[in-house]
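So that you can tell them apart, the chains are marked A, B, C and D in the order they are listed, and the count of residues begins at 1 in each.
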Amino acid sequence: MQHGTAKDLTRRETFELFTPVTVRFCDTDKLGHVNNVSIVSYIEAGRCDLYYKLMQEAGTDATIDFVLARAAVDFRREIFYPGAVEVGSRFLKLGNRSITTGYGVFLGVTCVATAECVNVFFDMSARTSIAPTGRLRTLLEAAVAR
Amino acid sequence: MQHGTAKDLTRRETFELFTPVTVRFCDTDKLGHVNNVSIVSYIEAGRCDLYYKLMQEAGTDATIDFVLARAAVDFRREIFYPGAVEVGSRFLKLGNRSITTGYGVFLGVTCVATAECVNVFFDMSARTSIAPTGRLRTLLEAAVAR
Amino acid sequence: MQHGTAKDLTRRETFELFTPVTVRFCDTDKLGHVNNVSIVSYIEAGRCDLYYKLMQEAGTDATIDFVLARAAVDFRREIFYPGAVEVGSRFLKLGNRSITTGYGVFLGVTCVATAECVNVFFDMSARTSIAPTGRLRTLLEAAVAR
Amino acid sequence: MQHGTAKDLTRRETFELFTPVTVRFCDTDKLGHVNNVSIVSYIEAGRCDLYYKLMQEAGTDATIDFVLARAAVDFRREIFYPGAVEVGSRFLKLGNRSITTGYGVFLGVTCVATAECVNVFFDMSARTSIAPTGRLRTLLEAAVAR
């Protein structure tokens, strides 16, 4: 990947991992469409899937937690009940003590929302932010470069 | 079916319609499992699916609404994230102005919750409860007898 | 109280404990009113408040958990955004290994929903249901009798 | 206000409008704290309050809707059940066809989260974005300048 090339989160091709999420009736609001807060819960479903699969692959670094520091969501189209979406998730940028991830919420081929999140690496026993090392960092560097 | 035989909502065989629901991370609570309120939202997903399909089949009776009057849920086993459940839904008993429906929430073959709901038939233009007639009643009678 | 007299959950006078709950925009659904699942979350807010206060008073029995086994909710009136409700909560009936609680959701003086829940006493270390003893049972017997 | 001065959303003094939100048990997640999606619902409670009060004051421009286009949330501290927060909300920047709003979520004097949202003005009859005029624009200009 050329340095500085931003990923286009509105395209399915940007993602390898897709998490299915079924739309529930109570996700709608009085405006008749799926509420924005529900869309944020879909993106969380993708993010947790991404981190669970990473930690499974990393194996030994289980004492590290990823604390969500920031979530920025762009709402692009309305979603209606009933239906199901797929959330594409990927790693975007690796910092020293934090990582940025990107998301696209798709209704078939149509992108209805995108998001970027920042998580901070956190040592749960020492209760401080840390820089990941070893196999976890190697995996993250490879994931960001893809 | 013998008259008066109660349906066993813990068995998959009791149901023809199954609605898939994906478990979201935010469905969990501080006890570590899926929160009971989230399980109620799964059952609602099944109930709405059941009524949407009925109304599609009934065609012309679209001015009738089904107002939820009562929901009784039995929580039988814990559910954990991540995962997906299937909600079995069926009509149980047809009254003059109300109908009772039954639900089973399944994690594979294991029943994790059952529920019975009562909905009242409601004429949206007249704003009163009504007794369904014609094709809608015929469909409901057949569904209850199955 | 005369033995066997059922409590009228639609009356504020039935309750001593009231838990305020603010209605959120995302509690509404596409029918324009507060969704039934949200009302169940209001009742949970009352139930947790009731048990937290009991455990504070009981002090020493903190290894006992109250596992929700059943919730039966009667939806009596619509609720609309914006607003706030108060959930009245009380103990109704003490069994050997379970307890029944009652709830009324009030919008001012109007009761919009009532509920009965059954919780099972659970020993968290032994992982089995148990019969509460000592100060906890005394407190529960007094609460049911009020 | 001097041009370019950013508002400090972590300070209560930045806000005139505060919306109370009660924390519900089901807002927690398996990490033991209030889930991030729930915090987004608190911010929505503030945003809707802000727009409802604006529209009440504006009176005649009721055919305009405010469509949420973007929400960026910074999670600064954990929130725990039970409790209640106050969401401070204010207008930050007025564009031609959009408006930026700012939020601070407070637990007493402690700021636990901040957010910025962008809403697009939308003519509901013409189904297109529009530039607000008249009394509504005057009110918004005054609100941003405060």
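What we mean here is this: a contact is a pair of C-beta atoms (placed from the backbone, for glycine too) under 8 Å apart; a residue touches a chain by one contact, two chains touch by 3 or more.
Everything numeric here is computed off the predicted structure, so don't read it as measured data.
J.: Could you work out which chain's C-alpha centre is the most distant one from the centre of chain B?
T.: Checked the centroid distances; the maximum from chain B is D.
J.: For the two copies chain D and chain C, is the contact made of the same residues on each side, with over half of the numbers shared, or of different residues?
T.: Counting which numbers both chains contribute, over half are shared, so the two copies meet through the same residues.
J.: Which whole number of Å gives the spacing of the CA centres of chain B and chain C?
T.: 24
J.: Take the average of all CA coordinates in chain A, do the same for chain B, and state the distance between these two points in whole angstrom.
T.: Distance between chain centres: 33 Å.
J.: Provide the C-alpha centroid distance between chain A and chain C, rounded to the nearest whole angstrom.
T.: Computed from C-alpha means, the inter-chain centre distance equals 37 Å.
J.: On chain A, where are the residues touching two or more other chains?
T.: Only 25-26, 35-37, 41, 44, 81 qualify.
J.: For a test of understanding, state which residues of chain B touch chain C in their complex under the given definition.
T.: Residues 35-37, 40-41, 44, 68-75 of chain B touch chain C in their complex.
J.: Chain D touches which residues of chain B in the complex?
T.: Touch list, chain B to chain D: 25-26, 28-33, 35-38, 81.
J.: Which residues of chain A touch chain B once you look at their complex with the stated criterion?
T.: For this pair, the touching residues of chain A are 20-22, 24-26, 41-42, 44-45, 48-49, 52, 81-82.
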